[in-house]
Every structure is written in C-alpha cells, then in structure tokens.
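Order of writing sets the chain letters: A, B and C. Residues in each chain are counted from 1.
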Amino acid sequence: MKLAKFSAVGLAAALAASTALAGPDDNSLVVAWGSTGPIENVDNYFNTNRTGIWFSRMVWDQLIYRDPATFEMKPLLATSWEQTSPTTWRFQLREGVTFHNGEPFDADDVVFTLNWISDPDNGVKVQRNVNWIDRAEKIDQFTVDLHMKAPFPQAFEFLSGPLTIYPNEYYAEVGFEGMHENPVGTGPLMAESIKTAEEYVLVKNPNYTWGSPKGEAQVDKIIVREIADVQTQIAELLAGGIDITADITADHVDQIGGVPGFEALQAGTMRTGYIGFDAAGRGDFEPTTKLEVRQAMAHAINREALVANLIRGDARVIHTPCFPTQFGCDEDAAVKWDYDPEKAKALLAEAGYPDGFDIEFYTFRPADWAEAIMADLAQVGINATLTRMPYFALRDKQRNEGTTPIFLMDWGSYSMNDMSAITSHFFKKGPDDFALDDEVAAWLEEGDTAIEPEVREAAYAKAIEKITGELYWLPMFNHVRNYAMNAELNFIPYQDEIPRFWQYGWGDS
Amino acid sequence: MLAYALKRSFAAFLILIVVSALTFSLSHLSTDPALTIGGEQASEEDIEAIRKLYGFDRPVYEQYISWAARAMQGDFGTSYHYGQRVSVMIGERIGTTMALGVLAILFALIVSIPLGVLAAMKPNSIIDRIALFIAVLGQALPTFWFALMMMIVLGVWYRLLPISGNATWAHFVMPTIALGYYATPALMRLTRAGMIEVLGSDYIRTARAKGLSPTVVLFKHALRNAIIPVVALAAVWFGFMLGGSIVIETIFNLRGIGWLSYDALLRSDLPVVQAIVLIFASFYVILTLASDLLNAWLDPRISVR
Amino acid sequence: MTDAAQSPGAFAPNQSDSFAPDKRDAVAPEPTFGGRTQQEIVDEVLEPSPLSKLRKRIFKNHSFLIGAAIIILMLAIALLAPVLAPHDPLETNLANRLQNPFWHEAKTMAEHPLGTDKVGRDYLSRLIYGAQVSLLIGFSSMLISGFIGTSLGVAAGYFGGRVDMVVNFIINTRLAMPVFLVGMAAVVAFGASLQVVILVLGLFLWDRFAVVMRSITMQARDLDYVKAARAMGCSTPYIIVREIFPNVIGSLTVVATVEMANAILLEAALSFLGFGVQAPTPSWGLMLNEGREFMFFSPWLLALPGACLFLLVLAINLFGDGLRDVTLERER
C-alpha cells in the first residue's frame, strides 16, 4: 500500500529530526495528559479526577509523606506526631515554610483546612476522604490536635494522600473557584496559569528548600497540556511538541522505544483489574447467579496469556480482590482459579448449561482485552457480546439499572495502600455491589473500623476468602502504566500511578 | 414580503423547538443525571436530594418546558461535570469553532472558485479533468482519514506544521484543510456550472462583441454573476461545518464546542450537549432563513402576495 | 466529520432554474429545504451534469460499469466470505498477534497474507467479512431511510396541501439537526450495536429521498394515466403503488446509492470515535478505529480498511452517477 511505503520514509524522517527538541534547552518540561479527561477544578477537594491527584502533589503538601517506594510514613509539613487518645493525633508542624503567596505556614492553616473540609456543608466532593474527621484544634502556633469521630486506622493513608493543606487567609477569601483560577500551596511548583481543559503552566517554587522528602523541582517550568487523543499525543511527542506522555498502550512502548531519541517503558501500578459477576441477580440474569457458572468462567479465562501478551510489563495475574501490597490484602487467603477449559465445560454442564449460553459483556477499557476474554469464553460455549461504553455511562448503567451480568473493570484505590480503598468500596452493599453478601459486608466493616492491625487483617482475610471462593469477582491483573518520553529525560516511575513531574529533570543532573 | 418573512421565521422557531425537544427527551430518557452529578461517593439519599433539587423527579415534558424557558433567555444551566455555567463554557470555546468554520469555508472557496473558473474556461482541458478527479475522489475519502494522513506527513515526518492546540494561526492550517476540503467538490462544481452558463449567455457575448478585454469580461461580468449562488451555498455549508467540527477538533485537539460536545457526551453532561445541539441547529436555521429571505427579496415574483 | 449526509454533492448545472417560477404556475413561494429549493436538490441528485459526462470520458465512458463491477465484486466477496476467508474473523490467538503482512515478512504469506491484528485475528479474513458488515449497514439503513423518505415524499407530493406542509416541516426539522452529534447521543442512549447504528443512520438519512420523491410524485400525479386511474375510482394506495411507483423507481435507485454511500461513511466516522458498532464485529469503520493505534508504526492496519471503505464508496458513487445518466435517458 501507499501508506506502508510512506511509513518507512516517515520513520527515517522522524529519526533524522528527533534531535531538535525544545525541552532540554530552556529547562522546561511539556507533559501531555488527557486519557482521564479534563479536570473540572484543580482545587484538590473539588474534583474526582486522577489528574487532580498528581496535580495536588505538585502544588500542595500534606502533613505526612508516604515514601512511594517503601510505603514508609515520613515528615512533610508535620515534623512528628503522636497518638494522645484512640481518637486523637497530635502533630508538631514544620517552621519556616511559606505558601506561594508569601503567607507563612502555621497551625492556623492546618486547623482551618481540616475543619473546613470536614464540614459537610462545604461540599467537598469526595466525602469519604474527610468524613472521619471530627475537628482540628490549635494547641500552639506549631502544634495541632486532630480529633477523629471514631478510631480510624486508615487515617494516615488520607493524611499522606488526598488531604493537602491550604493557606487559611487566602482560601477563606477566594474559595474553591479562586483556588481553581490561581492555586496557592506550599508545594515544589507554583501555578502560573490555569486554562481549564487546555493547559496548566507551573514554575519552580524557589523557596522549596526546607528539605522536603519530595525534593525540589528539577526543571524551571512544567507545562501540562490536555490532549485527549492518544495518537495526537504520540504525534506531538515524535514531532517534539511534548516531552512525555503516560497514556499510550503496551504496543506503543515497543514501537516508540525503537525510535532513536525516545524512550518508552512500562511501570506496574496498583490499579487492579477484575471481572465482576452479577452474582446477586440485580439484572435478573440467571446464569451468573449460579456458582458453578462463575467457576466455569473463572476456569475458562486464560489470565496468564492475557497478561503476557496484552498487558505485559511487570503486570501479573492477581488472585485477590485488592492489590497485594495494600494493608490486609493477604494473597494466601484467596481462593485461586487456574485455567482449565475442560473443567469449565464440565461445570457448565453441571450447572445445566451443557451448550453454554449467551451473555452481555461490559467494559470501558480497550476492546482487545475484552475480546481476548470473550474468545476464551467462546471456547467453552459461552457466547458473549461486547458492549463497550464510556466510563461514566457504564457506571451509571451499573448503579442505576444493574443490568451488567459480567463486566471487566478496574479500580485505582485512589492510590491508597489500604484494602479498604477498594474491597470495602465494592462489597459493602453500596450501589457498586453485585454480590450483596451480608457476611462479607460485615467482615469488611470490622476490618475498616477495628484498631488492632491483627483484628483488621483477620476480618479482611475472611472477606477475601469468601469473595474469591464465591467468585463475586474474578481478580484479573494489575494494570501497567505505559510511558514514552524524550530519551534525555530522567524519569522515575511509581507504582501508585502518581507521576511526580517535578522530579524529572534533563540530562545528567 | 413581511408576511412571508414572519411566516418563515415562525417556522424556523418551531423547528428549533422540535429539535431541542427531541434531543432533550432522547438524553433524559436514557441516563440518570442525578448519578452523574452525585459522583462516585454519593449515597442513595444524596441522589434523591439531587433529584429533587434539580427537578429530575418531574415528568420530562415539564423539565423540558422549564429548560426551554430559561434557554430562551440564554441560560443553559450548569454543567454537571465542571459545575460552570454552560453559557460561559460555550462562550469561551465558540470562538475557536467559529474561527475554524470560517477559515474552512474560506479555504473551500479559495480553492474551489479558481478551480471552477479555470475548468469552466476550458471545459475538458487537463485542468478541468484534474479538478473533476479531485472532486470524485474527495467525496469518497473519509474526513478523519485525510486528517490523520496530514498529521503524519506534515506534522510528524516533515514537522512543517504544529499538530495540536490553537495557540497560533499555524495551528489552524491542518484542521482548516481537513474540514474545508470536503466542501470543495460541491462549490467547485457549482462555480464551474455557473460560469459555463454565464459565459454562454447573450449578455457576455454582447460584452465581448463590444471589445471589452477578456479579463474584464471574465472577472467583472461573468464571475460576479456566477459567484452569487456559490456564496449562498457556502453559507449553508458553514452551518454543516460547525456540526462537522467534532471529529476535526478531537483529532487536532482544538478546544472548541465540537470537542466540548464530544467530551460532554462521554461523561453524560447533558446540559452541555443540549445547548450545543441547539446552537448548531440555530446556526443552520438562521443561515437558511437568511438565504430564503434573500432569495425572496431578490425574486420579485414572490413578493406579489 | 463533515456531515456526509448533507453534502450537496453534484450541483445543478443550470442555476437559473432554482429561481424560476414553479411550472405549475404557483404564485406562493416554493418551500425550501435547508435553504435550497426542491428543484435544486432534485437537480443535484438527478440531472446529468456536464461533469458526469466528463467523468464518463475520464473513465472511458464506463463509470457505471466500473462502479457496478466493484460493487458486484464486493457483493461476491461478502456473500462468499465463508469460502474465501482463510480464517474465522473472530478467532483470536494472543501468541500470534500483530504479525506483519507479506510485503514485510514473506513467511506470513501462507498463513496470514495480510498479517494479524491486536488479538491475533487474521486481517485478510476480517477485511473480507468487513465487506458484509459495510454492505449490510449501507443497505439496511438505506432501506429504512428509503421507506421513511419515500413515504413522506410521496404523501406530500400526492396529497399536497396540509400534508405537504407538515412533511416540509418535518424535512426541515431533520435538516436542522446536527446529524453527527445527535447520532452519537442516540448511540449513547440506546447502546452501541450494529442494530442501533443501522437504525440511527436509517432514521437520519431520509431527507433527500423525501425531497426527490415529493417532486417526482407531483409530476406523476398530473400524468394522464394516473388521472385516468383516479377517475376510474381506484383507491389512493393502489394508484400510488401501481401507477406512481413504477415511474419513480429509477430515480429512487439513484437517491438510494447516494444515501448508501453516506450511511457507510457516517458509520465509519461514528465507529472511529467509538460510537459505532461493537467489537469484535469486523466493520471497516471499527477496524479503522482499532488500527489507528498503530498508524505511526504499522500503518497498513489503518490503510487497508481505509482503502476498502474508499473503494466501496467510490464504486457506489460511480454506479449512482452512471445510473443517473442511464435512467434519465430512458425516462425522457
């Protein structure tokens, strides 16, 4: 074809031209982002978008820093902490930190932020992040007490994650709309301009020199461009218009990695993929309510082949309804299902479907994953038809109608290293629960609220065993994030799916 | 004439009512906006409260009437996803789409009129055949495919043009060509046909006989007459192009209202979708109404009554 | 996507026609459709333009034959797909994915001449079965739109008066709808599937049928033998089916080709944005969507279905152009 010839010529041209890239020359970094869609408001408390998670790490700081490699809790805006009662933590705050607008950081900011976000009337979007907070109390200029409504073992997951500290005077004045237009924090980067759904320009915070474990910004300027279409992102990357993208596929990694001047890599994340079954019969689809049928499907699906060929990188098959590094996620508690199509056929016959059945398969992820799974199901006689929907539409359908007998989905746990962020979200009889199992819900409740780690672990283990044994979910694999970038960029991938763009610099620095 | 204009305007208004009512019911029957607004963390009670607050518990026709009443005052409500006024969001982005539409139609005219004139001057010549060939091929070529090919060749391989965004005029070159080329076959054919007819008319023969220079005859007399219907058709095409900007804006990452409608559809942001459908339809209706009235005004037979 | 459904396509060669008074001596202004008179739209579809004469010359006077030959070939491929295709188009093989086509790797020639796709399906087989899908979509949605448009047009043309007014209003409403956007919204609302896409396209692309049928019916209504049938007391449906329909069948076919080409292009555009048919249906539009991921490095995955689509649409257009000339010669 005409095009095949073009491509050979074109690649040569791309190679020749790939030296003239703008990024390293003026020490700026241009990032393409977009597959998760534009963020509605960069105010960390008023978006539910993954973009918001990494954006907040650039502009703001939390009280506590969780080392993404070791999961260790380290001082950030708080220098030390102690538990003074089962529901109270006392924090010593760091002195000498200033916000981007010059406002000095002290206890007033922390108290204001925590009290403001925990007031339901202020309408913070993700109430789950804040609704465990009772109130914060100023002890002296650099000491704060945090009172919780009840003992809350996951508190530090939130304090080191979504709960960023805002400047009290500024925020009281401008509110979340002003914070969107001109975000002000203590973080390594300062917002220069915010154009919703188009472009965010951030510059290095020169005062971020107090020894933060997050490190100083390595470039002078970061420009984040919202580009929805992955192909457009790649075109920009190859043409030198952007320096890094994180939205590409595993195949792009091989392809772009082969072009001189570019580097591409895969990094495993804790985002956990699963196949959900309508075991509770919410959609009145009979076959999936039968355990033998779910077992048959679990045996029919070749997860190893899927991971090895389509996901690749350091993705692996997961057997737990949570990511194994998460607290409470005990792999030994899980019932494991191996690939065994013969057994699957036998189980189907046992369940009364010797000739299989027709089923609708739902996903919002790339069709090829679903197609591979559907081909496996077809091998044992289950004829699945795919309905691929946008994420929001599929979620609405699930919550509203529940007519999704089998679905391939995934959950990023808000990058929190605690099993409650995933399993408890789905199996405590909320709108996303297709098991509706009282026992599981009770165990998860116990695990979420108990103080003793051993008690939590024991309760969670029981839940894991039943969820996998009854096959409410067939856990699939952890996702990998695929990155491609200018080869001169010093890039560090993290498992929690949060890119720390300020840490990336040019050349040998 | 006035009665005709009033009658036509009323019909145009009715059309907008029907179009918006259809879109409104189509989207409201299929999704539950309360869930979209509530987000992932909303409880059943939250959802119920949102339903009450926004009036989603009322029958669809009631909701439509109150929406339409507000829309007529320019109030399209609030985006479920961005929480911004829809009118503000569209106001920020419509400029990009209008610029793209105007540039695309200008591009189409700039290419098609000279080609059409050249083809008409020497029918069956090589230029005529080339023009024709472009027209035949152009109509069978999917726009998005053409756009991608341009992006690969001009953007990536030769780096002649910027690929995405709307920062400079250069960013509009590829989207303009991709959107505009589709209108060229029709406009070119019309120019050519009009020119052939005018050039063959007595009036031009007279002008020639008077010894006027061929250039004057061609441009001052022939083209001026042949071009009027072309411009009228271009106006109607402009309406189509606004609607056609969805794919082009998505591919080239232009953040106009075409892209906005695509993004809003993906996240079931109904107020945005409804407003954009209404705007596209209004443009079309107004342009065609204008062209109808112009025709009626130009044509004395119609004003008899 | 430029709205294919509304492409004016070939335009009236004789522009003065559009401002001419109606032949039936009506003094009232002609109704317009999307700013154009009925005559303009009819001309655009039915008049043999000087261009199409030229086109004949370019294609050595055989555009109709070339178009017909390609269509017949495609039809044959579609019908014989189970025989022709070397593999099941749905059979995946993850271990054998993204094989190169024969011109890059001779050894694939025997097993997968055009290589394999993302999940290891034989690309040639998918292209072959794709002919089925595209023709099915084009043909079915054309039947639906043809039925709607013809019914409306014939009713308007035959009964005139109020009926005509209402039909005109419906046509103009349809033209005012941004087809692509409303089509995407409909697909979101009813879920993407082959049936939904066909239905949506069918429900949107009937305007040209209606305008053309209205015009032709108006002329046919006044023909002597139709008048005679009416005088003999034949029922209206009888007259429409037995006397008027045979008159319009040629023109109907021409319009049908235009709308079929439009439907195929529009389906491709919808599928391209992910609002079309569902995987793993081997639709060329969907294959374009899937192949786009590889457009920089394995461009044949994008080029092959694109070329098939282009060829089919081109053939249908050529066929329609040729048919227009043939029909009009016969009817005059």
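The rule is short, and it goes like this: a contact is a pair of C-beta atoms (placed from the backbone, for glycine too) under 8 Å apart; a residue touches a chain by one contact, two chains touch by 3 or more.
This structure is a prediction, so every number in the text was calculated from the model and none was measured.
By number of C-beta pairs in contact, B-C leads when B-C and A-C are compared.
Comparing the CA-atom centres of all chains against that of chain A, the greatest distance is found for C. Nearest to the common centre of all protein CA atoms is the CA centroid of chain B. Centre to centre, using the average C-alpha position, chain A and chain B are separated by 39 Å. One inter-chain figure worth recording: chain B and chain C are separated by 21 Å, centre to centre, where each centre is the mean of the chain's CA atoms. Chain C has its Cα centroid 45 Å from the Cα centroid of chain A.
Contact with two or more other chains is made by residues 3, 6, 10, 231, 235, 238, 390, 393 of chain A. Within chain B, contacts with two or more other chains are made by residues 31, 148, 152, 156, 250, 265, 268. Chain C has residues 188, 292, 295-296, 299, 302 in contact with two or more other chains. Those residues of chain A that touch chain B in the shared complex are 3, 6, 9-10, 13-14, 17, 37-38, 40-41, 46, 48, 125-128, 196-199, 225-229, 231-232, 235-236, 238-241, 390-393, 395-396, 399-400, 431. By the touch criterion given at the top, residues 1-3, 6-16, 18-19, 21, 27-29, 32, 34-36, 49-51, 54-55, 57-58, 169, 172-173, 175-182, 184-186, 188-190, 261, 265, 268-269, 272-273, 275, 288, 292, 295-296, 299, 302, 306, 309-310, 313-314, 317-318 of chain C touch chain B in their complex. Those residues of chain C lying in contact with chain A across their complex are 90-92, 94-95, 97-98, 101, 103-104, 118-119, 188, 191-193, 274, 278-280, 290, 292-300, 302-304, 307. Chain A contributes residues 1-4, 6-7, 10-11, 230-231, 234-235, 238, 249, 251-252, 255, 305-306, 308-310, 367-368, 370-372, 374-375, 378, 385-390, 393 to its touches with chain C in the complex. Of all the residues in chain B, the ones that touch chain C in their complex are 4, 11, 14-16, 18-19, 22-23, 26-27, 29-31, 123-124, 128-129, 132-133, 135-137, 139-145, 148, 152, 156, 179, 182-183, 185-186, 189-190, 192-194, 196-197, 226, 229, 232-233, 235-237, 240-244, 246-248, 250, 261-262, 265, 268, 273, 276-277, 280-281, 284-285, 287-289, 291-292, 295-296, 298-299, 301-302, 304-305.
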